[in-house]
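Paired with chain B in one complex and with chain C in the other, chain A is shared by the two complexes that follow.
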Partner chain A sequence: MRWAVVRDLLTTEIRRRMSYRADFWLSAFASLAVRLAVVWFIVHAVFAGSRRSGIGGYDAQGMLVYYIAAILVGKLVQTTELEQGISQDIYEGGLTRYLLYPVPYGVVKYVQQLGALGPAAIQLVLFGAWLPFVVGIPRDLTAAGIAMGIGAIVIANLLQFLITFPIQLIAFWADNVWSLMVMHRFASALLGGMLAPLSLFPESAQRILAALPFRYLFAFPVETLLGRVGPAEWAGGMAIGLCWCGIMAMVGRAVWRAGTYQYTGVGI
Partner chain B sequence: MIEAQALSKTFTVHRKDPGLWGSVKSLFRREKVHKHAVREATFRIDEGEIVGLVGANGAGKTTLVKMLAGIIHPTRGDARVLGFRPWERDNRFRRQIALIMGQKAQLWWDLPAADSFLLLKEIYGIPGERYRANLDYLARVLDVTKELTIQVRRLSLGERMKMELIAALLHGPRVVYLDEPTIGLDLTAQKAIRDFILAYREQHRPAMILTSHYMEDIERLCQRLLILREGEIVYDGSLAGVVEKYADHKVVTAHLRKTNGAVTRDGLEALGQVDACDDLTIRLRVPRGRVAEAAAELLRRYPVADLAIEEVEIGTIIEKIQRAKGGAP
Partner chain C sequence: MRYLRLYASFLRFSFSRAMEFRLDFGFRIVMDMVWYVVNFLFFWVLYRHTPLLGGWTYDQALVFLGGVFVSDALHMTIFSNNMWWLPFYINKGDLDFYLVRPVSSLFFVSLREFAANSFVNLLMATGVLVWALARYPGPLGAGSIAIFLGCLLAGLFLHYTLNLLFLLPAFWMHTSHGLREIYFSLTETMTRPAGIFTGWVRKVLVTVLPFALIVSFPTRALFEGDRWPVVLHLLGIAAASFVVALGVWRWGVRSYVSASS
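Showing the complex of A and B:
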């Protein structure tokens, strides 16, 4: 696909997402400010209740920073509306126009997902900029860690889309993929380190989780950003994340082929 | 340009018994039903032709169009459009076709149409100069130049349809599928769309397939008809030919000056089937070979103020074909 198409898809999606001011401010408030406040209260309550100075290698301050970083990274990795959009395209016939365009559907949808990050990035700056003043600057934050973390977020964003894509394509056969998406969201939040740092899992479970794709969605980019991952471990993690991207891309391609073969174009 | 050979499509649908027990049963076992949407469709459409695809709801019109546009795969048979198998979705094929659906919006609703057109310019790789010329021409002819910068969701139905037409034709397609392009529009908008389609055909000579339930669309735009009944093409020929083939009579209407009860049904039945008969109007269905004789007889017998000899309306004939099941009407 030509760069000009990518650029225009990207900017069109950003413009589309920003055409509703109320939605922009409400989603910013609901998805960031409220969640950050909830995390702050829970972390303090857990540490105060347990009377322990550290849990899973994190003190109260470290745990709070981890959760806040996970929420911010999650904002850059997950875009709910577009994920649901793929199954809606199939159910309501919106897929038709993409089948007519001389551009690959999967790439179009991914670029649109990237476009949706535009408003999310503005929200991150607006609500995230004052966080260092509230929770302090993480002890192990370094320029190299931030650079490696950005790389890990890029892979996480792509991997999240590539995992979601075939699940959404199940809509070619099933009348509702909502329950599958809920399972995926729960599994990736639990096994990916969004609900709690993976260091809280037993050692043996952590070894298994390191080979699964979920860690590379949240925990890996967050730990890298916070300076808890060295260059060698980062390179290994990126390689595993990329491998999963390749595997999921192949799965997505196969499901797409099978799905479009028996697509009936309902809703048109 | 468009060639279909024994093109067929069968859908498998699930049947569920009504009621709570039916819902419980369907959790464990569902009955499959095969629905033959299109059967053995064979035809050819050349450059510059506008072919009307008509049939009742569920006759298979949209399914046929979807196969020829490459949206769905056929169950059997083959088709070539511009030399390509549509469902293989070769980009060279997709750059040369357009599908306009009156019931389904293709544009981005949250943006002005001009933004969608810019995106389509890049998707289809339309050179800047050609894009500007095409957009100017289409917007001017459809009279929507001022509406290009208004959010699509805020446009009227007619304006939206015009924008859909522009979006579909910007890249200058050589094959155009029009699925109910005037549905829901008022008479003025319908006429504007029809005039535009004719003008576009004259200028660009694409092959067009038009499906519509509005007979005026078919009569104004199409020289040729494909009539579908339960998935089967039961007629492929000229618009005039369908009248010749399926209407064995013409309608003779005589408007009379006051006759004071001199007109009786008995006297008229020898001329043809009497549809209306009173002191002021006589309407007869007369076999084609006897029209002149019947007209002369009416003029001789009654004080005729005006006499009209008309073909049966195309819509009536198509309705008759649709009603007839399993054979000629």
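Showing the complex of A and C:
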């Protein structure tokens, strides 16, 4: 693999992403504000209705911090998910030129996804910087937890790409895969702990969810960042996440091979 | 009568077009089913830990959820596709096609496409709502249910006008991407019981940005004894929103400059 090509792809994508207009930033801020407001009220409503000080191992402040962290981490994980770049390349025939590149198509697309982290990281800093003043600094936050959390986010970003890659490759056969991507978003939001901490599920369900890939998209990185995951559990979670990365990479490779056999580059 | 015949033509065209893309038709049905299941499980998980959410019990929340599904399915079936394309018509000059017709351009733009796959989801959503109402342990009279359904339709109309209001700035801004994103974010407040919101946020969500009215107020009208203030509030806001939307539409059309040759 030519690393210079990868480097150039990454920097080009970062520059392209950073040229977004003001309305992108305005809508990103407004959307985040609405999501945070809904989460705020849901958490307080649940605790007010239950009249308990702790639910699923969280107090009200802790659950709020969890949700906020999940939303911000989600921005780093779901960077290009609904942009349909891969399926559009197939539909419009743009895939043809990538077949001539000296870099595998999947790598090109993943590097572009990494480039999209630019504005996501800026949003994280801009929107996250004020949070400690509003909700307080989590009690169990440590430098080691943050370092482990960053590692978990890296795996989560890769896993998210490897899950959506074969879904978008269904464009080789289907005329529209947007709805499949939305299905994945819905399912991963619930099963991955974005809608509710996984500790709120029944224990039997938690055991199943721990084996599925969705937990390692959101809940696992967030819990690690917040210091709720010890080193041994972190190592086990990373191993499971990497296993799922390997499985989805094999699925993606199989779908890619089957798709390119019958691909015809129309539209160029 | 002329408009009814025209709408019947829209329906025939939309169904035949939907059948050309059968795989996509099927995918979208499954997509909504996944959304229904996710929302069910979300509320089920929360209610494992609290008997009340926003003042509603689990049984009441299920009726609310059924209302959300029906309202969403109706909006997706009748309005959503048309609203999606409106900013593109404005920017590319394709709105000319609608403006020169001898019928109301707003009617044409808003109702031309009928999403056949969402109609199937509407049937499922209706089934969910009927199930939720049937299993509700308390007494629900036919009159209450009729008022609830009527208010759901008023909420649907309000949903349409809010969608329109967030898109019409495309006449002047030439892009609606940012406002569309904000609109989709605000629709999340529609899928949660309005009772969870408090303070100035609640005031905003039931007046200026009345997303919380769309399904929560019809559900309140069903369960609350003194329902008429709720009903009148919903009807008043829906009417006012439509008047504003109609005014902005007419203003937009006057400002519209076709991009086509």
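We take it that the second predicted complex is superposed on the first by the 259 of 268 C-alpha atoms of A that agree within 3 Å, B and C clash if a C-alpha of one lies under 4 Å from a C-alpha of the other, contacts with A are read in each partner's own complex, and residues count from 1 in each chain.
Keep this in mind: a contact is a pair of C-beta atoms (placed from the backbone, for glycine too) under 8 Å apart; a residue touches a chain by one contact, two chains touch by 3 or more.
The shown structure was predicted, so the numbers you read here are calculated from the model rather than taken from an experiment.
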item: Which superposed partner A:Leu242 touches (first chain B, second chain C, both, neither); value: neither
item: Which of chain B and chain C A:Tyr263 touches, first, second, both or neither; value: first
item: Larger contact residue set on chain A - chain B or chain C; value: C
item: Which of chain B and chain C A:Gly93 touches, first, second, both or neither; value: first
item: Which of chain B and chain C A:Arg35 touches, first, second, both or neither; value: second
item: Touching partner for A:Ala189 - first (chain B), second (chain C), both, neither; value: second
item: Residues of chain B defined as touching chain A within the complex; value: 11, 62, 66, 69-73, 89, 91, 94-95, 97-99, 101, 103-104, 106, 108, 110-111, 115-116, 118-119, 121-125, 151, 179
item: In the complex, chain A residues that touch chain C; value: 23-24, 26-28, 30-31, 34-35, 37-38, 41-42, 44-47, 49-50, 52, 55-56, 173-177, 179-180, 182-183, 186-187, 189-190, 195-196, 200-202
item: Chain A to chain B touching residues, read off their complex; value: 2, 4-5, 7-9, 12, 15-16, 19-20, 93, 96-97, 99-103, 260-265, 267-268
item: Residue ranges of chain C in contact with chain A within the complex; value: 21, 23-24, 27-28, 30-31, 34-35, 38, 41-42, 45-46, 48-54, 173, 175, 177-182, 184-186, 188-189, 192-193, 195-198, 201
